[in-house]
Structure formats: structure tokens, C-alpha cells
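In what follows, subunit A forms one complex with subunit B and a second complex with subunit C.
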Partner chain A sequence: MNATVSVSHLTKSFGRFLAVKDVSFDVYPGEIFGLLGPNGAGKTTSIRMMLDIFKPDAGSVTIFGGEMTEAKKNRIGYLPEERGLYQDLKLEPTLVYLATLKGMDESEARRRIADWLKRLDLYEHRAKKVQELSRGMHQKVQIVSTLVHDPDLIVIDEPFAGLDPVNTRLIKDIFEEQREAGKAIVMSTHQMFQVEALCNRIVLIDKGVAVLYGEVGEIKRQFAGNAVTLEGQGDFEHLPGVLEVRRDNGAWHLALETGVSAQDVLRALARRDDVKIKRFEVAEPSLDDIFISVVSEGRPAEEEARGA
Partner chain B sequence: MRNVLLVIKHEVQRTVGKPSFWIASFLFPMIIFALTFGSQLMARGMADGDSEKDFLDQVMGATAPGEAKPQGYVDLAGVVTTMPEGLPEGLLVAYPDEAAAQEAMDAGEIEQYYMLAKDFLKTGEVVLVQQRFSPFEQLDGGNVFEYVVTHNLTGDRDAAALLQNPMPSVVLERLAPAEDDEAGAGRPAGQSLAPMAMLFIFFFVLTMSSGYVLTSVTKEKENRIVEVLLSSLDPRQLMLGKIIGLSAVALLQMAIWLGVSLLVLREGSPLVGMVSTLVALTLPPGFLAWAVLYFVLGYLMFASALGAIGALAPTAREGSQFTFVTMLPLMIPMWFNTAFIEAPNGALVTFLSIFPLTAPVSMVARMVAVDVPLWQSLLSLGLVAATSYALVMLSARFFRADTLLSGAPISLQRLREALRRHSNV
Partner chain C sequence: MHKLWLVAKREYLQRVREKSFLFMTLGFPLLIIGVSVVAGLVSAGGRDARPIGYVDQAGLLDRAVLPLLVEDRPSFTSMEAFADEEAARLALKEGRIAAYYVMPGDYLQQKELTLTYDEDEPRAAKTRDFSCFVRASLVARQPSEVQDLLDDGLTITIRSIDGRRVMSEGGVPSFLVPFVVTFFLFFAISTAGGYLLQAMTEEKENRTMEILATSLSPEQLMAGKALGLIAVSLTQILIWLSALFGGLWIGGRFISELQGLQLPWDMVLVTALYFLPSFVLIAGIMIAIGGAVTKQQQGQQVAGIINLLFVVPMFFLVLIFENPESPLLVGLTLFPTTAFLTVLLRWGMTSVPMWQLVLSWVLLTSSALCSIWVAAKVFRIGMLQYGQRLSLKTIVQGLRGQPAVRSNGEAPNHA
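Let's turn to the complex of A and B:
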């Protein structure tokens, strides 16, 4: 299957700051692809280069089988992280303007906008000014503007921000539908449980470099053993080789440093008299654990370098 | 091209759809006209009431006798033998030679002195020596000494007054069939009102319409919609659409201002005479074409500059702080507006009407005041066109994705970086 987007060895600097270094990934039709990373990692810059908003210093982007053109821009729906709408304009004309900029005929745009607004319970607000809408409504309006022109590539950055659980479910269903319809979706978010629920594959960027790339299941298997779940009494913090300790429904969840095994932790616990263990098992790591584990690995060296 | 047209349509609809546009278009010119023409009418009413005043008072102007600065003269021709009745004592001081007059001026006793040459009666040569050059001074205008010389040459007070002002109370009478009721009521006062009106109209419309570009760009940044737009179109397309779209708005506003001006003046009977004078008597042939050219080019110049500021500024508030500096050249002719009435062909007004940053306002105001030599109009227009082109090209360097998406404040470093760049981000 041909990739909808193929990002190859992208590099971009702003002055002396290296924002993205040698990042590569492919996104295929019919998948939701997770673009992950901590704040300032280079995700947004990578998206902007992918969409031809920024030009890369090195590397290339192949989109729909070639270079970006005006016509190809009309096949892309983009919901940026830094987003907004004309506050002093009414909802419907705003959406019509954005839809026509995506190549749509005005009458067709009006018809499709009406359908989307009805589906997202916004139709009765169509004549209101954007500034009169709630934050959640803003978010839904922007999702409408991202999807109204029926794009083949959908790029969404934090799509669930500001949504209540009911609307989150509604939007998730919409993205699932789009995937089933064969659209390629690139999703950037910090909500790892959403990534686990929706994404087929991910790339994790840290400090401008792609540090993880592949299928979610395969990545989780690679990191299995790097976390343990235990139940008991006592203080389970400050154990050697443990990156992070989290309590979850009465159980302790310990994310381990790379190279530290569950046996090492068990041995350390067995030597202590102040703890009682009821349950100890190797946990399948969550993406959250993997994210923290991978991102934290580089931190001590970085902090040391800063201190020097 | 389709995207540019969509941006143009959007900008026009968005700006014209705001109540503030219509308030600015109708209410603001009314206030300006009330202030400008009202004061002119009052001044004229006072002048009319003074028509019976002694001519000497008129040549001395509004200055009270006690406030008039003494002037000196050196009469080598022996023309000045008597002083007209009523001339305040000490206002004109005779000196035997130039050295004495110069010494008095250096000592601050007199403001200026005249030298009547020995062969004055043959050559008419008079030299005026002033302490400092004043570009607003009408060198050929009337003054006290000129009246005194005329009085001595004619030996008759009334004849001297008539020579000074041969047509003191001219009434224009239209002999050709009048096109409308007001046509015959033209008065010379319109000659001075027209340049003033043009200054005001061009200044305010250029300032406001250029400001629309700044507001439009900064609002899109503030509303954070700019990134969505950039995923559909190129930054240059966005800039082009905004500048063209808002130029249409500016032309509409200009048409409204001129239309409202004419309508108000037609309805207001005391002003009827002015409008006929303004329209029928003072506008040179082809003025409208010149005015449109200067307006469009002037708009391009300032709109692109403010657009660049909008691209750099993170908020409308920060952008507006730089508006004053950018629009300063347009204000200069406003500060010297009296020069456009008193000395429209003087050095200052000529310079202002040719210097490209002040020309869009100054040249149109000057054109309605006097006949401007064609070479000056063409030179000025050429310089304005070249400057507009350069500023549009320069501003395009600021209309880039990284500038538009940046939230950093305006700084000299960012300006330098933007000016150095040539290619897209």
C-alpha cells in the first residue's frame, strides 16, 4: 500500500535552535497514526513541514505520491494545536469561508456544513457569533472545519481538548468512521489512553529526534518487563531502578529504568522488612509508562550537561 | 488566484459588515467637516464684518498695534517721504545705510529690513533682509512697507489701497447657463477650503484604510486562525488578498466621504457656495484620475508597511504602538496645512508634494490650490509608485509562516532577521 504521507529525514533549525533532526515516518490510508512527544519536542514543527507551512532545511515530504501542490492542500484537513476562529464573525459564514478556501463550491459547502452542524448539535447556533459559543462548541466547530471538505489526510493536534466525555466519545466515533472510510489520520496528543485506544502506529519524538517508531502493540511488547504491578503495605517509593511510582485502584505501578528487570525489584523488596507484598506481577507497560521511560532516559544527561 | 479572490471577498465582507466601518464612514467626516468648515465660516464671517476697516489695519493683519514687530528700511532712492495717517509710531524705522539696519537687526530691535536701491524707480529693486528664512513667508505678498511705498508713490491713500488690492470685493457671476441652483454662488473662499478638505480627506482615509490591514492581520494572529489559513494558502496570497480587498474598502470609504461631503454641503445652505467653488472652480482637469492614482499608491505604501508590522506584532495592541511612527509622514502635511493655502508653490509644499512618503496627501491638496507643473506631478507620482513597489516587496518578506505564527514581540533583531531573508520558510 502506498503511503499517504512519507516524511523522510526532515531537519529544521530556527537560528541556532535545532527543532527537528532527521525525523522519518510514513502514514497509510485507513490508519490513525500517533505523533507523540513532550512539549517542545518538535511535533508541531514536523506537522508544519509535512503540510508545507514550513520548508525543511533538509529531508523531504512526499504527500499523495508527490510534492505538495495547491490542489493537494484541498485534500488535507488540519486542526492545529494553536487554533481559533474569527470571534466577531457568525458561525456559518466563518465555516463557509474556510471550506471554500479548501476548494469547495459555496452552495455545496453550505449544505455539508448544515449536515455537520446538525450532527454535532450546533445547527441552532449557526447564526451566533463565534465569541458567544462555549469552549466545547468552539472545539466542535473547528472539527467541522477540519472535516467538512471530506479530506483524505486529517491532521489533528490535541483533538479532545476542552471536550466533555459525551462529546469526546462523539468525536472519537467520527475519527473511527473516517479511518474506516480509508482516510489517513495523524493525531498528536498527550492523552496516552486516547492513543492506545485509537492509534495503530506511533512515532515518539523527543528533542527533535524520533526515538520510537512502529506499531503500538509491538512497542508495548518491546517494553514489557519494564514495569511491575504490586499490592501490599509499605512505602514503595525510592526503590533502586524505579523511574516512576503511581498508585492506581489500590495497586502500585512501578515503571522501571531500561536494563532493570522485575527480578531486580523483587530482590530489593525482599531485602526490606518494612513492606508486605500481597501481589507482584510483571505489567504490560502502558504507553504512558513507555513515554515516561523513553523521555526520562535522556533527562539526567541533559541536566548534567546544563549543570556543567 | 481563486484563494486570493476568496480572501478579497472575505476582507470586504468582514470590514463592511462591521458597524464601526459605517460609523467611521459617516459620523467621522461629519465631525471633521463641522470642525473644519465651521471654523472657516466663523473666520470668514469675522472677515466680512471687518470689510469696512481701514486698509492699513488689513495690511497689518490681526496683530494688535502693540504687538507688531518693528521693521526697518534703508531708502537709498528717497522715495519714502511721508507716512500714511494712522501708522503706529515706531512700526517702520528708517536707517541711513545697510550697516545701521543690520546692526539694529542683530541687536533685536527690528525683525527685518528693506533696502530700496538707488535706481528703485527704474528697476523696482527691493531687497528684504530677514534674520531667518521662513518657507511660509509669501515673498510677493502684501505688507506694511509695501503699502507705505505705494502711498508715497501715488501720494493718495485710496489709490494706494486700491493698488494693494485691486479687487477687494469681487463677486463672481456665472454668465454661462447654470447647471444647478448653486452654481452661481461660488466664492473665492473655496480656494482655501479645497486644499484643506483634500488634506483631511486623504489623511483620514489613508490612515483608516491602512489601519484596516494592520487590524486584519493582527486579529487573525490573536484569534489563532492564521495557521488554519496557512494550511490552505500561501502567506503571500493572504497578504495580496488583504491589501487588494481592503483597498476596495478604502475606495468605497473615500467615495462615501466625498459623497457625504458634497451632500452635506448641498443641504447646508451657508456652505452651498463653497461646494460649487470647490468642485467647479478649484479642481483642475483630470484631478480625479490624479487623486485616484495617488490614493491607490499611497494606500499600497502605508497598508503594506502596516501589514508588515501586523505580521511581526503578536497582538493588535502591540502593533498599534508602531502605527504612529509609520503614519508620521502622512501627518507632516497636516501640521503645515496653512502652508498649502498661503504658499502652495512655496519650497516646503513643493518638497512635501514630491517627497514620496508625504506626496499622496500633499500633492492632491496642492493640485486643488494651484496649477502644479506637469513635470512635478509626474516626478512625484513616479517616486510614489517606486516607493510603493519597494515597500510592498519589503513587506512581503515579513509575510512568512514563521513570522505570522510567532508570538514573540517586535524587536530590532526580528526586524533585521526578517529583512535579511529572501526565500520562504
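Let's turn to the complex of A and C:
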């Protein structure tokens, strides 16, 4: 399958500040691709280069199989990090204007906007001015404007910012639908649990460099390994090969010495009569853990960046 | 191309619905109409209907000319003859006449009249009417050939040497119209400049630039906005001109000097030829400023100075009246930003040589095209420099065709 967007070796600096260095990733139809990283890591700059808002200093972007053209802009839906709509204009005309700029016919735009507004509980606010809307409504309006022209590439920067749990669920469902419909979605966010729930693959950018790239499961397996989680009765301290024991919410978390596998621990436990085991599993780190460990260690990650 | 029209349409509809536009566009002509109505009413209401008295001791005044004078102008002051000064003084005291003249018996030798009035000096129109009466009476005494000659000779035609311009005596319309039109254009240009700047910074202040950048090209966005705003200005000027001519029409019913005012069509043509390039020039400059700053406030200060560049001819009005051929004015005619107003103002006072017209129009048009080219470049760089103010260096680099916002040489390695 051909990638919808292919970003290769992008580099960009502003004055003497190197914002993005040699970042590469591909995004395919039918996936939600996570673009992660701490604040100021270069995520938004990467997105802007991907969408031809910034010209990269080096590297190239292939979008829908070639360079960006005016016609291709109609196939892109972009929810920028800097949210903005014409504050003085009414909701519906604003959305119609933005939709027609994406090449939509005006009457068709009106019809689809009405559908979207109904679905997102905004229909009765359609005659209000944008500045009269709450932050959450504003956010939903922007999502409508991102999706109304049925784009093939959807780029969303922090899509859940300012949404309550009910609306978060709603928007999440919408993005999952879009994925089912075969759209390529690039999502930039800090909310790791959302990434875990939604994303198939991710790239983690830190200080302008891609430090992790690949499938979420694969990345987790890479970082899994030297720990087990278990529940049960008995004393799980002083097991052979265990480096550190931590009790966490009723469960035991055992960090293992290098060279000791989870299997070894399981065998050792099986030989003992003074313990009862209810649950035993290889501890899988959350993306949060991985994010924090990668970013705070600042480990030289070039080898992992292109690993998967 | 289609998206350009969408931008233009939205820009137009949004501006003309704005309160400030309605206020400026409708309020200004209402003010003009109001002033002219008030002026008309004052001059009509303040008119002293009392006749002028006279005592003709020389026997020169001929009442037979009076019906002719009244026929010529219905508001001609009526004249009342008195047998002697005593009777006239009595009439003045009783307030039946506004004033009286005494024409002594030796008037033809001395050429002196005495005017007597009570408290208020009679209005200029009345004394003018009386001199008319005296002159008409004197002419009536001449043989008929002399009368005809005097009659015919009253109209003087001024013709420029190349025969292009013909000016009639009674030059009120020839300088009044350009002056008034210039005044309106001065306002139109100032407001247009403000709108253009606002339209350019609006996207930055509302932070819609990124959405637009992924919807259409900067050139489409810029051209669409400029086009919409040209339409806004034309709407405004049309409303103003209709109000102006409406005002003149209403005023003409009260103020006799405005009657017979005719539109100088050659000037209309010149206005039409100069308007578009002048507008494009100011649009280009404002777009460039709007592209380089992030907030409207920052741009407004620069824009004020730019506006001044366009209206500088207004400061040389006295010179235009006194010496419309002065080298300074020729210079202003040729300088692109001042060309439009200078040509219009000089138009009323003199015949602007053809070479100056052609040269100034060519200079204006080429600098207008140049300004749009610069504006497009700066606008694009401004979009790329999202949220940052442009430095002069960046702009110059961009104009030289170097890749915009690209660091020179190798990327520094200090991340």
C-alpha cells in the first residue's frame, strides 16, 4: 500500500535554533498515526512542513504520491495547534466559507455542515458568533471544519484539548470511523492514553529528533522485558534474580537482573509452596512510561529512531 | 481561480456590513447633504426681501431695464425710486427699504454714489444688483450697435494653445468639481488603506492563516482580498458621488451659483484612468505592511505615513491655485503616490501637458504592478514566518529570490 504522506529527512532551523533534524515517517490510509513529543519538540514544525506551510531546509515530503499542489489541498483536513476562526462571524457562514475554500459546492457544504452540527450538538448555536461559543464548542466547530469536506488526509493537533469526557468519547468515535473509512490520520498529542487507545503507529520526537518510530505494540515489547507483575499471597521478596521489589496497588512489581527472564522467575515460584499466585504477567510498560523514560534519559536514540 | 472569487466575495460582504463602513459611507454624504440644505435654508431664510431705494438726481437710471434683469434672475433685488433724499430717509427709517443710493447730478463726472443704510450694511448681493442696474441703464443709453457689441463680448472663452482645453468664464465648476471630487477620493483612499491593512492582519489576529494556507495559495488569498476591497471602495465612491451630485442638485435650487454646474467629462475620464492603478499601488503597499506585521496596531503607524504620501498634494492647494505649472507640482504629478490627486487638482486650474499625463500614468501603473509583486513576495514570507514579525533583512532576502526563511549554509549542530 502506498503511503498517503511520506516525510523523509526533514530538517528545519529558525535562525540558529534547530527545530527539526532529520525526521522521517510514513502515514498510510486506514491508520491513526501518533506524532508524540514534549512541548517544543518540533511536532508542529514537522506538521507545517508536511503541509507545505513551511519550506524545509532539507529533506522532502511526498503527499498523495507527489509534491503539494493546490488541488491536493482540497483533500486535506487540518486542525492546527493554533485554533482560530473569525471571531466576529456567525458559525454557519464561517463553516460554509471554509468548506467552499476546500472546493465544496455551497449547497452541498450547507447540507453536510447541518449534519455535522446536529451530530455534535451545535445545530442550535449555528447563528451564534464564534466568540460567543464556549471553548469546547469552539473546538468541535474546528473539528467540523476539518472533516466537512471529507478529506483523505486528516491532520489533527491536540484534538481533545478542552473537551469533556462525553465529547472526547464522541470525537474519538468520529476519528475511529474516519480510520475505518480508510482515511490517513496524523494525530499530535500529549495524552498518552489516547494514543494507546487510538494509534496504530507512532513517532516520538524529542528536541527535533525522532527518537522512536514504529508500531505501538512493537515499541512496547522493546521496552518490556525485565520486569514482571504478579498478584497473590505470600512473600515475593528475596527471589533469586530479582533486583528490586515494589508493591503497587496490591500487586507486586519485580524488576529483574539482566539475563534473568520472566520464565526463570516463574519456575522459581512454582517450586515454592508458601506462595499462591493469582496473576503473573510480563510487565508491559505504558506509553507514558516509555515517553518519560526516553525523554528524560535523553538517550542517544538514532539507532531506535529508524528501528521498526 | 474560483477560490479567489470566494475570498473576494466574503471580504466584500463582510466589509460592507460593518458598522464603521455604514457609518463612514452613509454618514459622510448625509453630513454633506445636511450642510448644503442648512446653507440653502440660511441663504434663503436670511434673504432680505426689502427693496433698495434710490434717488436719481442725474436722471441716468432707466427702469425699463429692470424687467429684463428680473427675467434673467428671478431673485434680482427690486428697486424703488424716491423723488428726494428726504422721502428715501423716511422709508429707510420705517424699514420699508434695506438702504438707499443717491446718484448725484454730476455722477458722470465724479463717478461717485452715496449709500445710506440703517445699522446693518445691506448684503453684497443687493449692492451688486444695484451696480448691475446702473450698468444696464448706462448701456441702454448707448446706440444699439454698441449695445450688441457689449452684449456679445460678455462671454470670454479661454483656450489653451494646443486647443485641448476650453475654459469658459464663470470658472466655478471647473475648479469646484475637481476639488470636491479630490476631497472624496482623499477620504476613499484613506479608508481603503485602513481596510486593506485590517484585512491582511485579520487572518493573523484570528489565527486562521494555517487553515487558509492549507486551502489555497497565498497569491489567491491576497488577490481575492484586494479585489473584494476594490469593490468595497468603488461602492463607497459611487454612494458618495451620487450623494454629491444629489447634494449639488438640491443645493442648486437654493444657491444660484451652483446652477448650470456641469460635469467635466474629460476629468471623469482621467479619474477613471488613474483610479485603478492608484488603488492597486496603495493596495500593494498595505498588503506588504500587513504581511510583515503580526498585529494591526503595528501596521497602522506605518500606514499613517503611507497615507500621507498619497494626500500630500492637499497641502499644496495654495500653490495649485496660484501657480499650477510650478516645477514642484510637475514633480508631484510624476511621482506615483501623488500623481492622482495632483493631476485632478491641477486639472481644474490649468491644462496639464500631455507628456506629463502620459509619463505620470506610465510611472504610476508600473509602480503599481511592482508594488503588487513585492506585496505577493512579502505576504508569502509573512505567512511562512508565522506569528513572527518580519525583519527588513528577511524581506530583502525574500525579494532577491533567495529561499525564504531558509538558514544559510549548513544547519548549525547545537540542538
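Rule of thumb we're sticking to: the second predicted complex is superposed on the first by the 240 of 308 C-alpha atoms of A that agree within 3 Å, B and C clash if a C-alpha of one lies under 4 Å from a C-alpha of the other, contacts with A are read in each partner's own complex, and residues count from 1 in each chain.
By definition in this document, a residue touches a chain if its C-beta (ideal position, glycine included) is under 8 Å from a C-beta of that chain, and two chains touch if they have at least 3 such contacts.
Everything numeric here is computed off the predicted structure, so don't read it as measured data.
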item	value
Fit-or-clash call for subunit B and subunit C when the two complexes are aligned on subunit A	clash
Touched partner set for A:53, first subunit B, second subunit C, both or neither	both
Subunit B versus subunit C as contact partner of A:193, first or second or both or neither	neither
Which of subunit B and subunit C A:207 touches, first, second, both or neither	second
Subunit B versus subunit C, judged by how many residues of subunit A each one touches	C
Touching partner for A:11 - first (subunit B), second (subunit C), both, neither	second
Segment of subunit B intruding into subunit C (one of 7-15, 43-51 or 61-69)	7-15
Contacts on subunit A seen with subunit B and repeated with subunit C across the two complexes	14, 48, 51, 53-55, 70, 73-74, 76, 78, 80, 82-87, 89, 97-98, 100-103, 145
Subunit B residues within the subunit A interface of the complex	2-3, 6, 10, 13-14, 18, 219-220, 222-225, 227-233, 401-402, 405, 423-425
In the complex with subunit C, residue positions of subunit A that touch it	11, 13-16, 18, 21, 48, 51-55, 57-58, 70, 73-74, 76, 78, 80, 82-87, 89, 97-98, 100-103, 145, 207-209
Touching residues (chain side subunit A, partner subunit B) in the complex	14, 48, 51, 53-55, 70, 73-74, 76, 78, 80, 82-89, 93, 97-98, 100-103, 142, 145
Subunit A partner contacts - residues on subunit C that touch it in the complex	2-3, 6-7, 10, 14, 202, 206-217, 220, 383-384, 386-387, 403-407, 411-415
